[in-house]
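The structure is given below, and queries will be raised subsequently.
Which chain is which? They are A, B and C, in the order written, and residues in each are numbered from 1.
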Amino acid sequence: MDRSPVVSFQRIGKSFPGVRALSNVSLSLNPGEIHAVIGENGAGKSTLMNILAGVLAPSEGTLMLDGQPLRLASPLDARRRGIAVVFQELSLCRNLSVGENVMLPALAEIPSWQLIRRARAQAQSREILARLGMDIDPATPLRDLSVAQMQLVEIARALARKVRVLVLDEPNSALSPHESEHLFNIMRQLRAEGVAIVYISHHLNEVLALSDRISVMRDGELVESITDLTGIEVPHLVAAMVGRDLGDAAPYGITHPPRDTAPVLSLRDFRVPGEINGVSLDLRPGEILGIGGLPGSGKDILAEAIFGLCPRSGTVTIAGQTLPAQKPMAAIRAGIALIPADRRNGGALLSMSVAQNVVSSTLDRHSKIGVLRNDLIGETASQQIRAFDARVSGPGQVMSTLSGGNQQKIILSRGIVSEPKVLILHEPTRGIDVGAKAEIYAILKRLAGEGLAVLMISSELPELVLHANRVVMMAHGMVSRDFTGAEISEQNLMMAASVQPAHLSEVEGAA
Amino acid sequence: MTGSLAQPAAKAAKKRFLRFGGRETGVALALLVMCIALTLLNDRFLTTNNLLNIGRQVSLLGIMAVGMTFVLASGEVDLSVGSIYAFCGLVTGMVIVAGYGLFAPLVLGILAGIVIGIINGLLSTYGRLPSLIATLGMLSMVRGAALILTDGRPVTVNAKNGAAPDVLAQFTFLGQGSVGGIPMQLVFFALIALAGWFLLARTSFGFRVLAVGGSTKAARVSGISVERVKIAAFALMGGLAAFAGILSIAFLPSGQAGRTGLGLELDVIAATIVGGTSLAGGEGTIIGTILGVLIIGVLRNGLVLTGVSPFAQEFLIGLVIVVAVAIDKWTIRERRI
Amino acid sequence: MTPIGAIMREGMIENNKEGGTQMKKLLGTALVAGLAWPMLAGADPINVKDFALAPRIAEKVAAGEELNIFVSYHDVSNEFAPQIRAGVERGDALDKVKAKFIGPVGADADGQINEIEALLDTMDGLAISSVSTDALAPIIDRVVEAGIPVITYNTDNPDSKRIAFAGQDLIQSGREAGKLMCEVHPEGKLLILTLDAAAQWSLDRESGAREAMAAGCPAAEVVQTVNTGTDPQEMYAAIENAMLGNPEISGLLSLECCTTPAAGSWVDRNGRAGEVKIVGFDLLDQTVEFVENGVIQATIDQAPEAQGFAAVDLLAKFLNGETIDDLDTGVGIFTSANIADVN
């Protein structure tokens, strides 16, 4: 087999305004090889794959295909050259059939005036699906499939045309262990056919079991490329991903509140259908409790479910009082403030002013018989702008014109104005620049110091390690482990995150 | 020293968030240009009589557009308003003719409108139907109900059909009378617009409407009951459409279920959108809506005054709607960049 | 039930086909004057022997069974529909006739066609009034080819294979309106008002009216045709704007039911009764009041109830072997002299 690389990245760099996402990355993808790329969120994996997919153009360096410099004009261009990228988010058309979805890129290239040869397309899609071991009628509507099956359809689509490089980004996050094993067999088969496979995953055990080569990225750089995997174990990979200097850093300046304080928020047998399978948690005043976990672990639905934005079962008590499900106003009244993950599409009222955003959850207090007390609103807003040191031109500035960090401060201030007992933050610093991040951590620390209970749900391990005084890791919809004090290290957290479900139930049983 | 400097700055800042700056200036400018052009083209345009006529002619459209501002700002749309207008006006007329005095028929008519609005709201929220579909169905159902109720016959409120003379006099005053030379319809429009402005700009209800329309999720996170706010907006719309329908039958004491208010919903939505209210929700002001209504009214009046052929009028009205909204959208995009 | 002595004009003959009416507010009730003009593009007299009648219908007639006659109206939600329906119901009471009033809500040619197609196998006779001649002619021809007799009523469809027409000639009724206008307003400027200037009936009446006025009173000048739209408020506003734009107007000629009272309202409210002459159509409540008060000088009634009845009657006669011909249901002309006869 020809072992010269199909694609090689040569000193690739990519800058966005204000951010350096990639610098000096050199990598080769060889035919007949599974090449794992691992790293923390924000390490630059996605940017690198977007460059390979033709979505982004590199700022520096060259991409080579078969030893020739390659300039990809578009994702379609990449696809034509045999580079297929299967992203984590499904990009299927739910209204079409399975077969049509598989053949979509091919069908989309047929000029509009030409007829589609349905029978032939069906036969082809059936063949491809069979290759993936999917015994499914191509005429089945996609919406009838499980998420796992959809993920395979996504992969089938990539195989619908000649593939030389196949990138799979977290392909098994929605798959059961059995389904994952099936997928791995398919990957091995494709490797045998000479395809160069890039495998991006947080599940380090699987990475070790499957890959021929592992590249570790951190902060936009390639830190290590391991070709000889003998003797390599998970802790080594974790250390490489996290960086030794950060790995052992102890949480600074946070003293854990005494364990015997009465919890202000308690979850018992908390469940969300299909997402969370029975979680019990206690949160005490003055505590910053971090929640971590991989995508699909259930942590991403936790905040909204507690607040009442989606159906759930089990009990939530706040300061001794049981909270009804799906009643956000009751949650606010009981003393919960939620800072959702998605500012643009959930946190901020973008078309409204800063002042209006500050008071939107406390309208009753800021109005008299339904009439807004604008003087009071202005006062509250000015006060909060000062308290949070938000850089805005005034209370009247439209929210959409603020930077992410300042938007987040305003949303935080909205929560604080409602005088909560519990502050729930979901990805509190996503998309925020470094300076504003530090300010937000300082604010959280101050609030906890004043006796507020803070629940911080985050995908950023350093955030959890450095700014929480207790961390609960979730996996497969359950609590994997609870860490305090010196136990909180990125290695420990990551190990707990990628624990196998079988082992997990043991832990649960023991607890 | 610093205190005296900071004080006025803070005040100015406080003042600024009360007003949505400059959103309506484009529409106002367009209206002004139209008025100047018509004044130059026709010496009858700028007369008290004609201006009062325009005011009266746009009043019913305007009353409904105030309601539509709330519905659109909350992120929904109501296509059933023309049918509500017909149904409630005809019901009121029939009950007056049947001899139930004035007050009861008026209350009944407006309540009917509110109830239909609440049904629209329930279907569009808890019923999870897109409001476009729900109110499209109601458009047909309510007009059908009006046809069934009247058996397709015109309803005329006059003494011959049984209306008591004093009731008739009071009822027709609502539609045809005037106060100090201002037609009653215009008086009602002015009062409703004022109340609508206050409700949207100055009350927590108006705030919630804009918040819900701006981002459903953010509104929920703020503890706002999205469903209740939307249902209330639909109810307000229904009540106002009913009131406009009642004034209509009080003005021309006759209506017919197959004809009254036919296609009116599109005029109402067009006027509201010309006034800068976003079809996507979250944005809208009553001042803008008033300007939008006036643009449509002045245009119709001006085209007839200047003797434009009826077919060309249709074309020009459509053109103005498209151009007005286009200018608004294009300038906003520039402002945001 | 009071017979109406409608104004008799030259060339009119008595038409006493109608017997009476059950409805209180029927317009142009019992006796309606007809005009004896040769129908333009009229159909020839026809007997069922000359018609390829479907065997199933012939059997029913022979067996003396009840005949299903459908009367399709182009908009069952407009103001005339209840009156036409009343006429159809009167026809339904005829011996061995089952008459049904059908049609779309809101003028909708497609809806009308679909309904007829659906009922094709059950109908023994069809009477149809259509807004669009071109759109409806093919379906009329198909029904005829299926061996089912079709007549038109109210609005004719001369391009189709219909066997007869019962109703008012639209161009002719426009001419009548034009002549009346000449009588009350021999000179000066006037406006023509219509709620749908582009509709065939409106175009026909307008051309008839313009023709009659050009011949009868050349000193009268039509300044503009005002297209008012269908909503009452819209109509009033359009008239108001047009009158403001043309202050020298001294005559208003309305082509239909609905702008007639709207024009009356404007003239009345602006104190110009008598000064601005109005000729219009139909007998809506308000129109009757305005004729009584002298605000409207004359109005032309098209006797919709009589048209509905005639449609059924004509088909029943045809199926039973009588030779039939076009039937003019006539126009009734009402002025302050005879308006008291309504009701």
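In this text, contacts are C-beta pairs under 8 Å (C-beta built on N, C-alpha and C of every residue); 3 or more make two chains touch, one makes a residue touch a chain.
All of these numbers come straight from a predicted model, not from anything done at the bench.
K.L.:
Draw the chains as points, connect those that touch, then say whether the picture is a line, ring, star, complete or other.
P.N.:
Graph shape here is a line: each chain touches the next, no loop.
K.L.:
Relative to subunit C, which chain has the most distant C-alpha mean position?
P.N.:
Checked the centroid distances; the maximum from subunit C is A.
K.L.:
Quick one: most central chain, C-alpha centroids?
P.N.:
B
K.L.:
On a C-alpha centroid basis, what's the spacing between subunit A and subunit B, in Å?
P.N.:
Computed from C-alpha means, the inter-chain centre distance equals 46 Å.
K.L.:
Taking each chain's centre as the mean position of its Cα atoms, how many Å separate subunit A from subunit C?
P.N.:
72
K.L.:
Please work out the Cα centroid separation of subunit B and subunit C, and write it as a whole number of Å.
P.N.:
Roughly 36 Å, centre to centre.
K.L.:
Subunit C touches which residues of subunit B in the complex?
P.N.:
Subunit B reaches subunit C through residues 42, 44, 49-50, 53, 57, 60, 143-144, 147, 151-154, 156, 158, 160-161, 176, 248, 251-264, 300-301, 304-307, 310-311, 313.
K.L.:
Mind pulling up the subunit B residues that touch subunit A in the complex?
P.N.:
My answer: residues 10, 12-19, 21, 202-205, 207-208, 210-211, 214-215, 217-225, 282-283, 336.
K.L.:
Subunit B touches which residues of subunit C in the complex?
P.N.:
25, 75-79, 81-82, 105-106, 197-198, 224-227, 230-233, 235-238, 240-242, 244-247, 258, 261-262, 265, 269, 284-286, 289
K.L.:
Give every residue of subunit A touching subunit B within the complex, in rising order.
P.N.:
Per the stated touch rule, the residues are 307, 309, 328-329, 331-333, 338, 340, 342, 345-356, 360-361, 363-364, 366-367, 370-372, 374-375, 377-379, 381-382, 393-396, 400, 414, 418.
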